[in-house]
Amino acid sequence: MSSLNHMKRMSPPPKLEVEIAGLRLKNPVMPASGTFGYGEEFSPYLDLEQLGAIVTKGISLAPKAGNPMPRLAETPAGMLNAIGLQNVGIEAFCSQKVEFLKKISTPVIVNFFGNTLEEYIEVARRLNEVERVDAVELNISCPNVKAGGIVFGTDPVTAARVVSAVRREVQVPLIVKLSPNVTDIRVMARAVEDAGADAISCINTLTGMAVDLERRCLSLANGTGGLSGPAIKPVALRMVHQVVSSVSIPVIGIGGIMSAEDALEFLLVGARAVQVGTANLVNPGAMANIIAGIEEFLAQRGIEDVNSWIGSLK
Amino acid sequence: MSSLNHMKRMSPPPKLEVEIAGLRLKNPVMPASGTFGYGEEFSPYLDLEQLGAIVTKGISLAPKAGNPMPRLAETPAGMLNAIGLQNVGIEAFCSQKVEFLKKISTPVIVNFFGNTLEEYIEVARRLNEVERVDAVELNISCPNVKAGGIVFGTDPVTAARVVSAVRREVQVPLIVKLSPNVTDIRVMARAVEDAGADAISCINTLTGMAVDLERRCLSLANGTGGLSGPAIKPVALRMVHQVVSSVSIPVIGIGGIMSAEDALEFLLVGARAVQVGTANLVNPGAMANIIAGIEEFLAQRGIEDVNSWIGSLK
Amino acid sequence: MKDSITTVLYNRQMAPGYYCMGIAAPGYPQLARPGQFVMVRVNQSYDPLLRRPFGIFRTGTEELSHSEMESQDYMEVVYKVVGRGTRLMSHLVAGDEVGLLGPLGQGFCISPDAGGAMRDAVLVGGGIGVVPLFMLAQQLVARGVKVHLLLGGRNCGDILALAEFERLGVKTSIATDDGTLGEKCFVTQLLQATLQKFPAVQVFACGPTPMLHAVQQICAAAGAELQVSLEATMACGVGACLGCVVEGRNHSEQQPEYLCTCKQGPVFDAHELAWTQEALGPVLTPAEDSL
Amino acid sequence: MKDSITTVLYNRQMAPGYYCMGIAAPGYPQLARPGQFVMVRVNQSYDPLLRRPFGIFRTGTEELSHSEMESQDYMEVVYKVVGRGTRLMSHLVAGDEVGLLGPLGQGFCISPDAGGAMRDAVLVGGGIGVVPLFMLAQQLVARGVKVHLLLGGRNCGDILALAEFERLGVKTSIATDDGTLGEKCFVTQLLQATLQKFPAVQVFACGPTPMLHAVQQICAAAGAELQVSLEATMACGVGACLGCVVEGRNHSEQQPEYLCTCKQGPVFDAHELAWTQEALGPVLTPAEDSL
């Protein structure tokens, strides 16, 4: 975007505030679950107050060990992870992690999952009681855990069942995170909207695999892993565009967002906000740059409110 | 693979010959349809006799105009194409393109598609009469053409119907090329195997999208395009691995193969041969390097026959 | 028509944002024809993945003063930094490796009449579009053709290679949008004036699509022969991917006639092309750069 | 703990395949503790995408002779070219930009007894594993601890930084697989011998996982305290992705206890870890490079 630099900056600064299912966000930028820990890890690199929201690592009922090592493999312009949803469990989350979150005013979205319908319901119920939880993000799309994501997230009937069950448990906004590993994401999007989702976030990782030629085996101990990073951006953009045109609830765009330009692309095709994942791992200050870059881009074009950029694709 | 260079080469050179559904190939490397024209375009850069096979651009019954421009967009470690299956049609193929292919002895695999079941059948029938056609590759997976791929390639029942109809028309080996834009590629693989496919090639491109921020529109005139190149390799490897474990017919691995190492990865997870697509566009001599690299790799490890590497994943 | 890994000989800034890169290119002085192009692979990474197309500015052979009495064929690429690929190129230094594929495509066609019946040629270059015109001018001048060069740009910084054309003895007229060099008008206005003075000459043009559209209309009205060099987003550069097509004169949905910019072009006779708005594809140059 | 874009000061080959890169690193001399590491972003492309972790070899401050009477903090990374990222690094020259995140992780813990009750320390380095031991040796020597350095490698080319340790006055014993330098044995055999001479000392080790396993067994048998610095494939380096974990001592499927190599490590007290075959993850170094 070399041309950006030529132009002069105008005042006043554009408004970046957006609303997702009643949740007001300072700006449309938040971390993607699992790439930002529970927030605390990034406080040396980033002013957490700057963010549109904080999204936590996925929480389950019981603590989860996750997968054996190796859990990571780098791929061209991307990475595979098979963390296996390792997390401290809802108990420890409430007793250990919420304390830190109380110190900041940024909205907190807690990502969660279960291995059974009952677990989903139970975690949702517990989260609903935590004051600091401003919204929940239901992960029905994790491709790593056999008992989890793959079943719930790839069949519209099963997905709808989880969503409506969880819906009954929570008063806070319910965001449902979709898996890209499906034939038609529009069908999934409509199913979860009908079942009561307040917003959709998409996409989660694409299922992939890497091979270690030297050791003559698969690189990840788990066999498959979730592909994220710039490599998946074209697929993510396509799916966000499809979902935006299929539902009337707001959509949060995710997938390979590394720069302000990437974020602006998702907003342009209609995402109301974006989540930044892998970029945080490459550069813990990534989101600060992205927020500043969005502001600069809009200002240079005299766009006064990010909401008039959102969905304004010609 | 810096370690390759340290080791000494052993003799005799390893055997590279493989067999796909009765078709004997000098080596497991061939171009992917649509990235190698009709062969002739590459003769200044490559000795076509070197190749395991030649795979042509997809042929349809009538000539096809393809999509308006722009048809290309570069993406991180990948590219999107929305050529729209532009081709000269079966008539012109037989009258103009076959002549050149007669001058070389490398097996010719003709990729083809139709907009209706009847068109598929008709093209297949015509191809079966052309002497120089050693095998056909049925494209049921093109994501660009609304009337084409998306319908046939993503539903097992429809796919099986096309495959069995075409099966009746051709005596030469029938290779079916699968789309990756499905929830479970194993279901598709089994469906086409049961319907009479002699081999499976996978994967075709992932459907993606790119945005032009300056023009505030989608980059491709067609909106969506097919994502290819290194970016998709992890998804392709996963799917090839899945298909190999689901069917007993041979599988041809495709997706992001740029180097000998990439090709060796696909062979290791069980592909009997590989197709090289985007790499030909970046470097018209790519396949010669890949073939030489495979030979060198096997020789250095004292592996006498590529068939003992194929599927030997630990 | 070869693909090779070769070396950067030099890479000099010509004007802010414009560079001239010399690349070792054995055989190019004999092989390369005016209007042909090369595909350059900027680095060995997969990001960016694709090669970038560049016109051949000029070729030459340098005697090497080293021990061996050898000579070094080279070619020059003149480029503008517009995005990631060209930015990476601008960082290369002598000795760095680049992948070079070419010379590719169909160049300008110099009529057998050149220098005889055809005594005047008008060359129209918009911005970086001047690049393929230099070798063309060289050959026309060598044939005794009188070359009228018309260059356009947004401002004086966009007018390149003036000294080189001067050394050839080519008469140059300049138009800039802001009048910082030459006349303050469009290059197409210069063309109109020139064609009034020298009717029925041969015109050769290279520049952004909107400029070519205007040039085509002026030439058609004036009855002048026209060859244009087109730009398109390219992947392969060798006619394999069909990503770079433009619509041929007889193109229709029913009877598609697509021409590959890389293989049947980049230089086309104006008669070969459909001159509708969409026929030549979208305008590639960033909005504020249009002429 | 900062993330910054900074400059390469120098990048010298130390031995075939090994380089030493000086990087401008304000504050590092004060901040960096022995055993800590940095994450380096090699280039701005998305391929390779991830940063690479490197131990901090040493830090320092150089007086700049320029006009301003300023001084320049720097840190040194000593690295082996094993793949794409390190190959790209080896091409960098003074003035190039790199992304630098650090200092990160927990370094070696120097006991308050050091120099007092604890008078001897044994440092065991396998190949490139010598890197974090240098700053450790510096600090131990400064406290009056007698340092016994044991280095192992496949051949003399893998034994690095001998001169630096010599200047510190550290006594070094060497083991190579092929006997081209020091004794022809494994470094673990040197350790065994050393622990017989100096029982109950503190051992610090860094090297490939198989070596660490052997060191741990020897130390456990000899009753010596042991700290090890581990390697793991990393993405973030800050404890966010959970990609770099090892199993803690009490780890079980039911009561998982995973420790992040990047955050709780890379240096661990041997007692913190489970020493089963899988606990420390797979051997990362290419097969033929194991010690």
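For clarity, chains are labelled A, B, C and D in written order, and residue numbers in each chain start from 1.
One rule holds for everything that comes next: contacts are C-beta pairs under 8 Å (C-beta built on N, C-alpha and C of every residue); 3 or more make two chains touch, one makes a residue touch a chain.
Computed from a predicted model, the values in this text were never measured in an experiment.
Visitor: Count the touching C-beta pairs: is A-D or B-D ahead?
Guide: It is A-D, judged by the count of C-beta pairs in contact.
Visitor: Need the CA-centroid distance for the pair chain A / chain D, whole Å please.
Guide: The mean C-alpha positions of chain A and chain D differ by 35 Å.
Visitor: What is the distance, in whole Å, between the centres of chain A and chain C, each centre taken as the mean of its C-alpha atoms?
Guide: 46
Visitor: Quick one: report the Å distance separating chain C from chain D, using the average Cα coordinate of each chain.
Guide: Taking the average C-alpha coordinate of chain C and of chain D, the gap between them is 54 Å.
Visitor: If you look at chain D, which of its residues touch at least two other chains?
Guide: Within chain D, residues 46-48, 286 contact more than one other chain.
Visitor: Hey, what residues on chain B touch two or more of the other chains?
Guide: 3, 76-78, 214-215, 229-231
Visitor: If every chain is a node and each touching pair gets an edge, what shape is that graph: line, ring, star, complete or other?
Guide: Here the contact pattern is complete, since every chain touches every other one.
Visitor: Help me check something: in the complex, which residues belonging to chain D touch chain B?
Guide: 46-47, 81-83, 87, 286, 288
Visitor: Which of the residues in chain B come into contact with chain A in the complex?
Guide: Within the complex, chain B touches chain A at residues 1, 3, 75-78, 80, 154, 181-184, 206-211, 213-218, 224-225, 227, 229-235, 237-238, 241, 256, 261, 264-265, 268-269, 312-314.
Visitor: Of all residues in chain B, which touch chain C in the complex?
Guide: Answer in residue numbers: 34-37, 41-42, 44-45, 57, 63-66, 68-74, 76-79, 81, 83, 86, 214-215, 221, 229-231, 258, 278, 280-285.
Visitor: Applying the document's contact rule, which stretches of chain C touch chain B when the two form their complex?
Guide: Chain C reaches chain B through residues 1-3, 41, 46-51, 99, 101, 232-236, 238-246, 253, 256, 258, 263, 278, 281-282, 286-287.
Visitor: Inside the complex, what are the residues of chain C that reach chain D?
Guide: So the residues of chain C touching chain D come out as 43, 45-48.
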